[in-house]
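In the two complexes below, chain A is the common chain; its partner is chain B in one and chain C in the other.
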Partner chain A sequence: MMGRYPRWPIHFALIGAGIVMLVPFYWVLKTSVSGENIYAYPPSIVPRHIHPFFYIDVWYSIPFARYFLNSVAVSIIAVVCNVAFNAMAGYALTHGFRGKNAVMLLFLSCMMVPFQATIIPAYLITGKLGLLDSWLGLALPQCSTIICIFVFKSSFDAVPRSLIDAARIDGLPEWRIIWHIMLPLSRSAIATNVILAFIWSWNNFLWPLIMTRSADMQTLPLGLARFLSYQEDTTGALYAFCIMVLAPGLVLFLMAQKEFIQGLTSGATKG
Partner chain B sequence: MTAIESPMPRSVGRILRPRTRQTLLLWCFLAPSLVIFLLYRVIPVIWNLVLSFQYWSPLKAAEFAGWDHYEDLWFDDVFWQALWNTLIVIASAPIGIALALGLALLVNADIRGRNVYRTIIFLSYPLMTVAVAIIWRWMFDERVGLINYAARTFDLVDKPIPFLNSFTWALPSVIVANIWQMLGFYMIILLAGLQNVPRELHEAAAIDGAGALHRFTRITLPLIRPSLFLAFVIGMLNAITSFDLVYVMTGGGPGRATEILVTYIYKLGFVQTKFDSAAAVTIVFFVLLISIAWAANRFTGGNAGAVETE
Partner chain C sequence: MNCQSRWRTILSNRFVLVPGVIAAVVLVWNIYVAMHNHGVVVGRVVDVNGNPVADATVALWIFNFTTYEEKEHVTTDARGDFRFSNNPSYKLQISAEKPGVGRSDRVPVFLYFRSQDVDLSSPLRLGGN
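Right, the complex of A and B next:
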């Protein structure tokens, strides 16, 4: 009964949607590798005189390596802290203790506060801490995320109680229970957290825009936006830069797609 | 007496002490996250509120301002424009969700290569928004943008439209880019809901002679209501906070045609260094956010509050 309907209209519609989703990438990729004047009209559909000139141009006209280093450093701090802090907090929430309800309430209400609504005090606080214009300051607001705490909590909740009790009777200290039993059983939660934290920190724009002052501290998104404001769209190098910035996130996403989607949906649809 | 009393403290100590120690340990585990949320969520909200009732700038002592900043906002045309634009962007979220629902239904069909389609449609979501904004600037370009080129080739327009420099088209253009980026995410959420709809229900209804449209409105829609509302909440939160896209695509211009509350907060605070007025706008922004969340919560009968919890 089901499954007798013709399939080709579905494929047709989905291929159409796929084209809409992919064409903007293609248009930018095409511009970034074509050797002709990018403002020639009519624009060519396939790149003519393929040339890596714009990529080389990016490499020499901006401190790409420096931006890249900043982005990587900030992302590493954010990812490491995120996984450590969220795992610890998630573990604590699997227990009953005095004040747990207050903590849960605090976490849930903090989730209603988007970062955009905190930028002014966040800037002033970071200034008071003396962390403006530093890697740590850039990473700090992203060092723990509530969604991921709950991802860890539900993963830890799934670990059989008897296993933990057995370990406790054997006299294992708390941190070894976490390290040798809980974490190895929560690999997918860790992967989810690593990927989400990386993507969030790698793509973050507003916070670096506010709190970096020196050119040396700019991250890739900030560098990209600055490049746009200096050069306008007049050079193909902008689009080469764009592709260079997109590539790492894209590769990581394609490698770990399953965990990424799982993390988003489990963070979003549990309830 | 002593014979009875003396073992008591010891046994109590033996039971209590490990428990207090464990509670302490758990609080230590929570401490780093708590400190971060205090510093970057709790204190900022309170500080914003305080700041919005003060005259304050980094080099001046604070002075009580009463409702002055809010009064200024009342007579500030830019503020009303930003608020209006924000509401338009929020109102556009359902368009993206409706499109995503169509795609989710198609991808959920029993066809070959559905994972490939899913990946392609989702691909734009995890990308850096600044880069997405630049991609779409180039698509909307007046001279050689693909959209103008296609429109001119098919004779839809006589003159190329300067999308991002036009008062009429700038905001819709930004909205198109936003929907393009969010589409895949909505689809994934709705797909998770669709996969929970039991196939037997559809089969039974089909046997009873219910048409496809009927089955969709009577079975599918009611059953995916939670994911649908989740998509709405996420879509509205995304719309209200989409700073990166607006800032890079148009910078709020032309004029103030694409100014939204978040970009206005940024400009007031960090371009004009009026931290106190910016704090007042932030409070309005926050009230808007809370009312949306509250409304969503009411519509779902309290379900949206459970969003993203255990």
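Right, the complex of A and C next:
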């Protein structure tokens, strides 16, 4: 059936759609290396006078390295905690237990509550734990996300029960079943967790804004806001900052995109 | 799988290779920076005819948050050469003047890192304005 229709119209349409999607990224990159005003008319597609000095301006205008370190540390904590806690929660949900439906209902209903509504209790709890203005405190509300629990659950559901039963007969405790059997068979779910947790943590603005007190603990999105308040002529430097903030997430996504797509679609295609 | 091929598999994994390449580039760049950040700025001052100007006053202006402020000044030697040896900035301007000869424009100089050693390719030309 596929051979009856030429493929080029689909490819043509997809390439066109891809170009439309990539134009904003190209424009940000172009402006970051040329500083050309975005409102210039006629707009130039190809950058003139390319130079890296806006990036250098960003690096030295604010403590970029410190903000970068904070963002990396918080993201690593969030990613590690997400994989660990979500895997455990997802594994528990593959079992039958009393109140399982209530737990599932609770999870689904909690997904509908926006974080802004729970930010005051989250702040008070973090304060009681003595974690305000710390990396762990910055990562705390993102240490487990319900969507990622369901990603693990759907992935674990695909693992044959006989494997788990065999492991139990061999005397493996539950945490070793997760570590040695479930996780190696769920690499796409792990990649999905890693990417989503990283991007959510990396882009988070509101929580760091609320809970950081010292300038040294700020993350990159806060640094961007601070940078905007400093600079007057921001066009090129602002876009350079955006590229520097975007780049790590983009690199991570490009590295793990195959597993990421598999992880998102494995639950949907499971028979 | 023997030990060598296992290492080859690990090192060719993109989750190891990409961060490894990035780390190597950062390391090389930092070594380069450490070897070239003595804050030395050298250049030459000439008159409108291109002849070197001795005893001209050359000022170093460094970027201070939003404006440029004068950091220090030196005088040129008999060959018109000048040298600043402790530039702390990455974004600077240099100007020169000599009574009776004239003054130059403030020439903006952008460096790739703070205190980068730089030899100005084009001389400061007095009598431009």
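Here is the rule we use: the second predicted complex is superposed on the first by the 221 of 271 C-alpha atoms of A that agree within 3 Å, B and C clash if a C-alpha of one lies under 4 Å from a C-alpha of the other, contacts with A are read in each partner's own complex, and residues count from 1 in each chain.
Note that a residue touches a chain if its C-beta (ideal position, glycine included) is under 8 Å from a C-beta of that chain, and two chains touch if they have at least 3 such contacts.
Note that the structure is predicted; figures quoted are calculated from it, not measured.
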{"item": "Chain B versus chain C as contact partner of A:114, first or second or both or neither", "value": "first"}
{"item": "Which superposed partner A:206 touches (first chain B, second chain C, both, neither)", "value": "first"}
{"item": "First, second, both or neither for A:57, with chain B first and chain C second", "value": "second"}
{"item": "Which superposed partner A:255 touches (first chain B, second chain C, both, neither)", "value": "second"}
{"item": "Per-residue touch tally on chain A - higher for chain B or for chain C", "value": "B"}
{"item": "Partner chain in contact with A:179 - chain B first, chain C second, else both or neither", "value": "neither"}
{"item": "Chain B - residues contacting chain A, complex", "value": "22-23, 25-27, 29-30, 32-34, 36-37, 39-45, 47-48, 51, 103, 106-107, 109-113, 117, 119-124, 126-131, 134-139, 141, 143-144, 146, 149, 153, 180, 183-185, 188-189, 192-193, 199, 202-203, 206-207, 226-227, 230, 234, 237, 240-241, 243-244, 247-248, 262, 265-266, 269-270, 275, 278-279, 282, 285-286, 289-290, 293, 303, 305-310"}
{"item": "Parts of chain C lying in touch with chain A, wherever the complex brings them together", "value": "14-15, 18, 22, 65-66, 90-91, 110-114"}
{"item": "Of chain A, residues touching chain B in the complex", "value": "1-3, 7, 10-11, 13-14, 17-18, 20-25, 27-28, 31, 38-43, 81, 84-86, 88-89, 91-93, 95, 97-99, 103, 106-108, 110-125, 140-141, 143-144, 146-147, 149-150, 153-154, 157, 174, 199, 202-203, 205-206, 209-210, 220-221, 224-225, 228, 233, 238-239, 242, 245-246, 249-250, 253-254, 257, 260-261, 264-265, 267-271"}
{"item": "Complex interface listing, chain A residues touching chain C", "value": "51-53, 56-57, 60, 230, 232, 251, 255-256"}
